[in-house]
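Notes for the one structure printed next.
Letters A, B, C, D and E name the chains as they come in the text, with residue numbers starting at 1 for each one.
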Amino acid sequence: MPLLEMTNIHGGYGGANILNGVSIAIEANQIGVIVGPNGAGKSTTLKALFGLLTVSEGSIVFDGKTVTNMAPEKLVLQGLSYVPQEFNVFPTMSVEENLEMGAYVRRDSFRHLIDQVYDYFPPLKDKRRQPAGELSGGQRQMVAIGRALMTEPRLLLLDEPTAGLSPRYMGEIFDRIIAVNKAGVGILMVEQNARQALALAHRGFVLAGGQNRFTGTGAELLADPEVAKSFLGGGADHA
Amino acid sequence: EDVKLGFLGGFTGPIESLVPPIFDAAKLAVDHVNAQGGILGGQLSIVSADSTCIDATAASNAADRMVNAEKVTALVGPLCSGETIAAANSAAIPGGVVIVSPSATSPAVTSVDDNDLLFRTTPSDAYSGEVLAKILKAKGHDTIAVTYVNNDYGKGYADALKSSFEALGGTVAANEAHEDGKADYRAEIGSLASSGADMLVVLAYVDGSGQTIVRQALESGDFANFAGGDGMVGDSLVTAIGEGKLDGFIGTKIGRSETPGTALYADLAQAGGIDPNASFGPQSYDAAFLLALAIQKNGSADRAGLSAALREVASAPGEPIYPGEWEKAKKLIAEGADINYEGASGALEFDEAGDVPGVIIEMVVEGSGFKEVGEVK
Amino acid sequence: MNELVFFLNKVVIAGLIIGSVYALGAVGVTLIFGILRFAHFPHGDMMTAGAFVALVLLWMFPGVGAAVGLPTAFVLMPIAMAVTALLAVGLDRMFYRPMRKSGVKPVVMVMTSIGVMLMMQGLLRLFAGTGTRQLYADTDDKDIYRIPLGGRDLVITEPQLMLFATTIVAVVALHMFLTRSRMGKAMRAVSDNPDLARVSGISIDHVVRTTWLIAGALAAAGGTLLALDVTLKPDLSYNIILPIFAAAIVGGVGQPYGAIAGGLLVGFSETLAVFNWSVLLRPMRPYLPEFIEIPAKLAFVPTEYKIVVPFFILIAVLIWRPTGLFKGRVNN
Amino acid sequence: MLVEASCYAIIALGLTIQWGYAGLFNVGLMGFVAIAAFTTVLISYPVNDVFWSGDGPWMLGQAALTLAIGVAITLLLSRSTRIGVPKGLRTALTLVAAAITYLAVQGQLDPAATLIEREAGFIGGFGLPVWMGWAAGGVVAGLLGWAMGRITLGLRADYMAIATLGIAEIVKAFLKNADWLTRGTLTVSPLPWPVPTPQELGFVASRSAYLAVTAVMIVVLYVLLERAWHSPWGRMMRAIRDNEVSAAAMGKDINRRRLEMFVVGNFIIGLGGAALITFTTIFDPSSFAPLNHTFLIWVMVILGGAGNNLGAIFGALLVYVIWIMSEPVAIFLFTNAEQLGERLFGWEAPADLYTRALQMRVFVIGLTITLVLRFAPKGLLPEKVVKYD
Amino acid sequence: MPTIIDVQDVSKRFGNVLAVDHCSLSVEKGSITGLIGPNGAGKTTLFNMVAGAFPPSSGRILLDGEDVTGLKAHELFGRGLLRTFQIAQDFSNMTAIENLMMVPAGQAGENLFSACFRRGAVLREEAEVRRRAEEVIDVIRLEHVKNERAGNLSGGQKKLLELGRVMMTKPRVVLLDEIAAGVNRTLLNDLAAVVQRLNREEGLTFFVIEHDMDLIARLCDPVIVMAAGSVMMQGPMSQIRNDPEVIEAYFGGSPAVEAH
């Protein structure tokens, strides 16, 4: 049984629908990657999944349970965790408080997780008392990802986690994602660094105009010349 | 023919707690008229509007509505001086409506260019100030500190008090304004106390700054003696501050010379279930009653000719009419006899400007409330 | 010496007291401002309402105070705080929540709050009339401590001490709550970024409710203590809402310590502005050369200009520190 | 009644410019109304001969001269860093100069004020036509706005709000207490009208004439503002309102533009205020109550729809009507409730129910505001998104 | 070639964070210069100072030989300097196309007087600005959302809007702060071509912060590496890529590099 199954999702922000039938399914220990042009509805798909906008049609099943239009604060309790693309830190709170807020739903001790995040992203350790709003773009991104890891989720949703990160941390993030996934956490991420992302994906989804255009394994998509040309930045010179 | 009077008062705003009894007194007069056969063969009614006391625009509007929408024959009120001038200038005078204020005490009201339409049944503050100065001086207070609420009433009163008191040879060590409605006046009291006087004259309102100032001055022990103007005369002052703490507080009150009308009114008010001693209650009763008489005299609900009729029924010579004597007055008017209303608040002889000569009563706190000491000459 | 005591009485104590009143009001305002991000104008009326609740309680249980030896209203204040807190939550349910749900701009919330303020004023007058009342039962006595210091006494009253203590406790507790407790941090998180807060599992409704509970309770405390110190009138707090806002803002929006700093700043500027300095100079008379005359009156401004002084200082502080003494939050 | 509503509409237009266009949180607008109203009084009130024939003008002239010299010296000192004076010293010197100026002017003004108050009451006006008074009122309000803007425009919304409020309070306190200049709480009336007064022309006709004047003002202002709003200027203003950082990076001089807005807005507010006060024929400094009017005008703008001129006008009319109608409505509700109570439960209404009902008018206003906002949270006529197709 | 941006010994301190530490560098007129460095190296802070968002704590900045230290952002725009933002700064309540139309400086209609009284001239100019904006919106592929509020655009679309501004006027120097992050690679290739064209044909100088090494390699020469607030090295991409120090600080052992 898939960990997550979104079937034929329709929805939008009040006006016309942005999503016109998106379907996504991944297994418990898989990495799913969504790619597509700007404005395709990738972020909207994640938001719909996380209860941040109303799904008018279709169903979302997580771990056998229907969670369509469930409020975000409830979804967190189900074991989902989400890093938004924009506005993904609490700007006036310190780095450490940001991480604590990630663990808001936990009643047990989570000190070791904070230390773990500092291990992953050493720059944050020095800045632990600094308000997140004063960080550099890349440092914020680290905080955002760290925050999402604090709940030890079963499914991690990442919206362009590597945007703004230096190559070194981009690599770091991908390594982390693989490691987390190995530990049994499902991953669903949106990426514009699509080649690297698809290279480690079990499942790949190409969205355009609010619909699935291609679906397959990561390798299949990478190999598809049509996908490469229209969505991954084209030609052989980049391969 | 039914007749309609209008009543304007600051039902909301800084004097909101003074207004209801004033309005009740006017309504009492109307009740008396109706109970004793009505007016011009019909009933007299009174409609009211909120003129807010401080907001000239709102007062103009309220007056405007009375004059042009309700089509009242005459107006009782407004109560504060500023709004009275505004209402008169913007609606009453243009509409040719007689307007009688029971409580606009500012000297400025005298000088309004009013086509003889603006009257008041209360004397100007200029006179009250003079009287209070006399009382204080007579009691042996040579140095006083004065604090007044910063509006036309307080300022006019304080200026009059200061000049009279100094003319009598006293010293006004401090004469300072304060704003109404603040929570705390310790700083102002400190400034007053630094002048060294031990008599504090508070020219403000019982339910406003006046009470707070007196209380805080008592608590801090800066002043031993207190006095106040008519705005301070209300039993709620004593209840609020505590019985026994304020004994000897000197106050003045306007109107109510010991004419036969005064006693009559006290009984009538009691019978009508209202407080005969309420500030400006008698004046309000008089304003309404006088207007009713004038309308009866004028013979119609028209506005024209009313002010002349008002002067006639109010002034000597003539058969005296006292509060509540509507039937008698009506009969006399019907017979064509000249009448002279001697009201609850005095004889009410209007001068050129529509003002009445003042009668000021000295008041003093004793036990649970204010007691009258007597008229000051 | 006398003069110094006079100074203490008139400037230091008076400033502390009125400053505490402002601060106690301002913590509530600053909390709502910081978390819900709008200026809550009915706060003054909430204070008054709280004091009226205390009054009603006082009528119901007049004897309680005498038993403990404190004013009844003060003893009953926790209950009044609880009732007002519920009232605040009720107000939110009825008026603010629907607005919040439709995602309106802060200024619309401000206007709604003005509407609510007007309604509360109307209702307070309807039920309580317009007169003044005392928050003391017959059995209570307002203790006035006169500490003799040679000539003049240092005067301080019981409610003033209670007011002062409550303010300090309230402000420190609130600061601790916001910076240390899990709920407090969640409140700040919601004000920073509501969507992200939800995504982190924080229930906005819960946070908002807590905010109103605290704000309502603080308002009731402020109103009751103020009424104990002065009197209870329907328009009491409405008249101090401006200085309260001034205090909250000059202290830095969303900063409890800012509220106390702002409150004291406004309070002291009021008392200092009109203080007659010649009082302090008079004792020096013998030591000064003849030709220097001490004027009878030597204050920064005449009393009628008293209200401008706090604002003057306020503007100066804001020019110096554009987001308040304690680096307050900036709404966008 | 319509006249007042139209004056409020003008004021609301001025505020729309400031808030709706530029996002400036001006809560001090009654200060501008007050100063404009006073200027109108000064210009158009009949000449007070007693004042001009006494020593007053001479003494005032001296005080003015002192003030001018003092201000000049203070300004020079505040620039003295240019000739190498260190910053700390400059600030100190400037403050000292300002203090000395204050004391000197105060010293000269006090006797002048006492003299004028004693002999002439107040200085009176210049007896010029009313429209000149209005124009001057607008200009003075604009100038005050300029000075105020220089000080406060660097502040962010809420902080600016309290600063503008403060300055307005200072202005009002001055007007209220400078008796020699404004007669203070003793009020000045009747103010001359720009059109024949009701005595001369009759009630309806003269008010209609007045209304015509204000209506023309509204139309002219409306047309001009609409033009401006739908031109690149309006676009720039919206951009500044939306995102200052970005607007500055796109070459827009934020502070200058906001100052421009502030001044223009205050000019219009002043114009409306002058017209309003002239209409009521009384200048009473205490009637510019700090909160109620300010709120009311704000509610007009927000209820009508911030950033929409028609909305502001419409909001002004509507709120004004609510305000006026609230009283009869409150009474109506109460008398009905009373009768109902009597009939159903034999309930005896308290004697002062009627006056309490009047106090409920604020309740009615508040209720209407919250209801309207609840169902039209963006205002009745929301700002339109400019679309190109 | 003459330098157009000259940063001389500039530092910036925020509280106890020294974000930029005695940094000196220069950008040649007509070049496309890259600026790379680890997260938090101080790149954006440096841009902010060059563009006048805040003044440096110490040091001087020259633009085309003139000292522009401490000038305001709008004054620098007036001198031909345009910058984009790493975290998109759109006018969120205005439509996408309006976001572009407001860019050109000195539009006659931006003068209140002209806007009210000189309708003709204003309208003519407006038509021209409009035409240009439509062109640009085509290039950045936002024509289908041109009337959408900018605040409602997707993350990448906002970035595109940032870039679109560059094409609305004829600046002399453009500072691009991570425009690639979040932009689809296919579209990015086209945009890189636009940047190259503007550089070649119109002589615009570009100063580009980027973490996308493909893009840097394709566009920029020279490339400056910043670390810990100051310049670590400078040179062509080929050289930088092989520098062990830079690899240690910046590239790490990442697959992104291994792919090449």
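In the analysis below, contacts are C-beta pairs under 8 Å (C-beta built on N, C-alpha and C of every residue); 3 or more make two chains touch, one makes a residue touch a chain.
All of these numbers come straight from a predicted model, not from anything done at the bench.
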Starting at subunit A, what is the smallest number of hops through touching chains needed to reach subunit B? 2
Give the chains in contact with both subunit A and subunit E, ordered by label. none
Could you tell me which chain lies farthest from subunit A when each chain's centre is the average position of its Cα atoms? B
Cα centroid separation between subunit B and subunit C, in whole Å? 36
With centres defined as the mean C-alpha position, give me the subunit A-subunit C separation in Å. 46
Distance from the CA centroid of subunit B to that of subunit E, rounded to the nearest Å? 74
Centre to centre, by mean C-alpha position, how many angstrom separate subunit A and subunit D? 53
Listed in rising order, subunit C residues that touch 2 or more other chains are 125, 129-130, 302, 304, 307
So which stretches of subunit D touch two or more other chains? 176-177, 352, 359, 361-362
Find every residue in subunit A that makes contact with two or more other chains and list them. none
Chains touch in the following pairs A-C, A-E, B-C, B-D, C-D, D-E
Complex contacts: residues of subunit C adjacent to subunit D: 33, 39, 41, 95, 98-99, 102, 104, 107-108, 110-112, 114-123, 125-126, 129-130, 241-242, 245-246, 249-250, 253, 302, 304-305, 307-308, 310-312, 314-315, 318-319, 322-324, 328, 330-331
Spell out the residues on subunit D that touch subunit C in their complex, using ranges where they run on. 19, 25, 151-152, 154-159, 161-163, 165-167, 169-170, 173-174, 176-177, 290-291, 295, 298-299, 302-303, 306, 352, 356, 359-370, 373-374, 377-378
Residues of subunit C touching subunit A in the complex: 182, 185-186, 188-189, 192-193, 195-204, 329
Would you tell me which residues of subunit B are touching subunit D in their complex? 11-12, 16, 19-20, 23-24, 48-50, 54-57, 60-62, 64-65, 68, 81-82, 85-86, 89-90, 93-95, 106-108, 112-113, 115, 150-152, 154-156, 177, 273
Within the complex, which stretch of subunit E touches subunit A? 14, 17, 36-41, 43-45, 86-88, 141-142, 145, 152-157, 159-160, 178, 181-189, 211-214, 249-257, 259
